[in-house]
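Questions regarding the structure given below will be posed in turn.
Note that the chains take the letters A, B, C and D in the order they are written out, and that residue 1 is the start of every chain.
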Amino acid sequence: MLVIMQQGAGQATIDHVVERIEQLGLRVHLSQGEFRTIIGAIGEELASYQEQVLSLAGVENVVPIMKPYKLASREFHPEDSQVDVGGVKIGRGQCVVIAGPCAVEDREGCAAVAQSVKEAGATMLRGGAFKPRTSPYAFQGMGEEGLKILRECSDRYGLPVVTEVTDPRNVELVCRYADMLQIGARNMQNFVLLSEVGKTDKPVLLKRGPSNTVKDWLMSAEYILSEGNQRVVLCERGSKGFETEVRFSLDVGAVVVARHNSHLPVIVDPSHAAGRRELVAELAIAGLAAGADGLIVEVHDCPEKARCDGAQSLTASMFTDLMGQVRQLLACLGKDAG
Amino acid sequence: MLVIMQQGAGQATIDHVVERIEQLGLRVHLSQGEFRTIIGAIGEELASYQEQVLSLAGVENVVPIMKPYKLASREFHPEDSQVDVGGVKIGRGQCVVIAGPCAVEDREGCAAVAQSVKEAGATMLRGGAFKPRTSPYAFQGMGEEGLKILRECSDRYGLPVVTEVTDPRNVELVCRYADMLQIGARNMQNFVLLSEVGKTDKPVLLKRGPSNTVKDWLMSAEYILSEGNQRVVLCERGSKGFETEVRFSLDVGAVVVARHNSHLPVIVDPSHAAGRRELVAELAIAGLAAGADGLIVEVHDCPEKARCDGAQSLTASMFTDLMGQVRQLLACLGKDAG
Amino acid sequence: MLVIMQQGAGQATIDHVVERIEQLGLRVHLSQGEFRTIIGAIGEELASYQEQVLSLAGVENVVPIMKPYKLASREFHPEDSQVDVGGVKIGRGQCVVIAGPCAVEDREGCAAVAQSVKEAGATMLRGGAFKPRTSPYAFQGMGEEGLKILRECSDRYGLPVVTEVTDPRNVELVCRYADMLQIGARNMQNFVLLSEVGKTDKPVLLKRGPSNTVKDWLMSAEYILSEGNQRVVLCERGSKGFETEVRFSLDVGAVVVARHNSHLPVIVDPSHAAGRRELVAELAIAGLAAGADGLIVEVHDCPEKARCDGAQSLTASMFTDLMGQVRQLLACLGKDAG
Amino acid sequence: MLVIMQQGAGQATIDHVVERIEQLGLRVHLSQGEFRTIIGAIGEELASYQEQVLSLAGVENVVPIMKPYKLASREFHPEDSQVDVGGVKIGRGQCVVIAGPCAVEDREGCAAVAQSVKEAGATMLRGGAFKPRTSPYAFQGMGEEGLKILRECSDRYGLPVVTEVTDPRNVELVCRYADMLQIGARNMQNFVLLSEVGKTDKPVLLKRGPSNTVKDWLMSAEYILSEGNQRVVLCERGSKGFETEVRFSLDVGAVVVARHNSHLPVIVDPSHAAGRRELVAELAIAGLAAGADGLIVEVHDCPEKARCDGAQSLTASMFTDLMGQVRQLLACLGKDAG
């Protein structure tokens, strides 16, 4: 890291900073300009070092040189990773389309959606059994009963299933039924939960928090990877932005940056970004064109009766149309549907 | 709620929407303008109703009329609430100053800080034993050992103590040692954790998430209140903003709006907003002037050796100066230190 | 517009609001619910009405029903517009690729870039002669001399040219040389300048401000349209976002929403969004896939000697590669390069 | 500046960067770590140097060391500046309260407001004659007729007057009538206008743009200062934030940072931040407590008839109450009303 001293910092102050940096086990490289002194601290950059140096008297700023994540970085792992979920491959030229209802509401509805998305060409199923809701008075999901339904539909239609886990005490339960665990955007920095899913052998879909940087996102991936679970897929679902006519602003730049800086596969969720079903298809296509390795899309057999997110759920027929566009685009990009 | 139909929505479409609204148990009040039809839906506004209506064909927008929180609202409870933490009162003209280290690092350091903040006039102690850190490689706190140290320091100096809980499985443990539970900003929408602390009888300090609205914040308070725990204190600690020279933008507007819309006490955390100790005092004073019912401030006996947040920790002497300004301002505002 | 009265607003208060609304020439439609009274105000919604009603005692909120822009709206003009710039068509299935240096720096460099982008397949030339720079000490552009060079290069290579105008006093001057006038992002709400270009007969490229909504953007377009100039092309160039590794966050959602709500063509500027040339191509492709009617891209013959924006300028060879991808994607989308 | 090379950059690449930096007239200080090479470039940091170096092959990032503004910086001018506007002093312990209508609408109304704010203790008058409005269909101000009314009211009540200028062609006209020129938030980066007011001898009130950093703001001040006009007062009026119940988020952190980094006086505009008159007073007090050198507040004799911003305009009686609080706070802070 580079330590930028305040203008006018005296020799004693500089000496003290140098001494402290050396105590951290780093080598020092001093550069005294006309106006400022810059201290290069050479060696491993532990997360805590930057904070400690920043708190020293006379230090104006500390500039980290190395990325704070390792296992998630492309420098560590130059090749694209590919994650296999029950035989469906994600990444390294293989694109996945995950589709299904926002929440599981009953057996028949879930099966109807699973069948229709299978027919349209989806390769994985999604559905929520534990729903994190802003309001304590909103439908919170069916719990284990919902997991059972998802498992049944998954088996029946041959679609590996991803579902959200929100409570570290439920990780084991969800693992019994799901093929892939989802960490929702609001839990992206729930580090307790990240560690817990990192201890499982299930692939994890890690959504980006709506106001987090790519660096934050990859640090959260690092929590999972550093527990030993290497099967992480990132999912961009929109940032909080200025625009009021979309629910969130799908950040294609985040997709591009994540793929440059990390080897992990990245998919996009156009449904939560759009907030309205009329906008979903265009965002989905833009996300794939930006280089995403797949989509996760909400589809409902009767959106107007959905207990959550009905407004952004595609009908089966809209989803079929979208799949047509997806296939055409993937062919143009030289990629395969997973 | 008001349902705004799309321009050109035909009679059959309107009839279908009316029918669905009536099925939800609401009365309908129709208003057909020159360009648009507006449907007023009268009755209780459950969280899910808005979503369901929004998903109907022909509906352009749904405008909620009622606030989605109840127990947290000033309409429900017009008087200011006051929360008692081990004899220290917060709210209704009583201001609290909570001070202490970011994280508990050892017995001596914690005691030294507790003694000095007590002498300077703080009325509560803060300190972290479970630290949510962006990096899995950063110091994660001392755990139960840290809780024991906090309890000792609290008893020895007569300062009730608040400490963060990050894991629903640890709530009971933390309750054994702490006088008040803190929900950190990153966990503001960790609904599982909110429900869990709502089931305890401990007062809760609920920090605002860095990109959440006051409505989101009060909905999170509602999770706690609706479980039966009425002792919630809100804490503003800064929003993600455009400014790079502060860590977060202390949002005095959020303090003002929260106090208008809710009866719950609101305090501010100038340390996390500032990110640098030179800026803490001015933000603290601004927060109190905006109407906050207290402060929570990071103080360290030797900030440059702090294992986290050293750069934003005040020295004992800076904290003493701040307390002088605080007393003067509270006298001017006609408020008491808690 | 809908006027939502505060809870508990008395009859006299309501009567006064009704009276004021009628004085504005609007008809009133009253809806008294259990908790609130809602007043529908039917008739033309002038911009000032909403503000005036909002300021009345007892009014909690005013919800506009109609969009505040007319000439720019798709309701007013359901078909896609197409803008012709010196024979190059933009919109209604015709995509344009505008390329060139950030700033004109000398005759030879500009000509070299013009030649290479022409050969690669660009259909219009870009280049700045008046540069709005954050610093008063930065290169401000060559002024009229730069305009002459652009005109020459435009004529020589058969590429109609767009260039920025920043000063209402220079509009006439720029019109003498340019085929299209650019309003930069920082001037999106420079209403004086918008009115001035609205009085010319030149097509206008209107960039979106980095923290403006689509509504703001279309209101700025309305300034130009309402002066009589119908030849407006919108340009998305990125929002201020949380991500630090891109300069701005290219907002594909804004492209989609603008195209839904307006008939005006929309292009994207991936160069300013990316900030680094390695990211430009992926953002360009994502923007086109989201439905944009073209691109504006910075290209430099020797980026490392560029006097501005060198880091985000493509080399001629990178631009040639991008054009290959663009052609392939447009073919897949069934669109023509303009 | 510090130039951080990409990992694995070879010697030839490094040599080329060093050579280019030396061509810019800077001295080079090389630091080769285990993983990266850092090049310190010592000497004057012109704005364009950073861009040019960033565009070189092998360069990962460039970190500026020096602030890009000079005349506006506290390093250049360590003492607080004080600006005199027709005998009213702003800064260096002197606080100003500027009050008046959003827009001048007629002679009687303006005079009534001027009289009442004078009686309540305001020391300057505000009022708009040229209004930058989002909608081309909204009231755009009375123009020169409005300026004449402001001049009369200013003279009659002994209140120096500030009014906005939006067009470089009108600067001279506005100077004939006003004591201070206001640059509105939307024009903060209208560099043409900044240069023009920098050439006058009138004090300038420079509002912060709603999504600009303090650095941007001070760069805009630098435009004025570098033209020779040293009488600049900064004004914070709120950032675009997440909160929907205020119009903008008053950024007290920006006030604190601006006062740390610059010698220029800083005032706050709580009216535009609040958007609703009930919130104005608390934000005003918070702003002063954060260290602001004054306030600019909208007051209207009959807010509900105001042609703009009525909802956020205080009544005369609310303003009188606010002045009582202001006097009490300034006494507590040891400052004078200007």
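The working rule: a residue touches a chain if its C-beta (ideal position, glycine included) is under 8 Å from a C-beta of that chain, and two chains touch if they have at least 3 such contacts.
Worth saying up front: this structure is predicted, and the values here are computed from it rather than measured.
Enquirer: Report which interface contains more C-beta contacts, comparing B-C against B-D.
Expert: B-D
Enquirer: Of all chains present, which has the mean Cα position farthest from that of chain A?
Expert: D
Enquirer: Do chain A and chain D, two copies of one chain sequence, contact each other through the same residue numbers, with over half in common, or through different ones?
Expert: Same, since most residue numbers here occur in both copies.
Enquirer: If you average the CA atoms of chain A and of chain B, how far apart do the two points sit, in angstrom?
Expert: 26
Enquirer: Which whole number of Å gives the spacing of the CA centres of chain B and chain C?
Expert: The computed centroid separation for chain B versus chain C comes out at 39 Å.
Enquirer: Centre to centre, by mean C-alpha position, how many angstrom separate chain B and chain D?
Expert: Taking the mean C-alpha position of each chain, the two centres sit 31 Å apart.
Enquirer: So which stretches of chain B touch two or more other chains?
Expert: 211, 240, 242, in rising order.
Enquirer: Using the touch rule from the top, collect the residues of chain A that touch chain D in their complex.
Expert: Residues of chain A touching chain D: 2, 4, 7, 29, 31, 33-36, 38, 40, 42-43, 63, 65-66, 75, 240, 242.
Enquirer: Given the complex with chain C, which residues does chain D contribute to the contact?
Expert: Chain D residues touching chain C: 20, 46-48, 51-52, 54-57, 68-69, 132-139, 166-169, 186-187, 189-192, 195, 210-211, 216, 219, 222-223, 226, 240, 303-311, 313.
Enquirer: Of all residues in chain C, which touch chain A in the complex?
Expert: The touching residues are 211-215, 238-239, 241-246, 248-257, 260-261, 273-274, 278-279, 282-283, 285-291, 328-329, 331-332.
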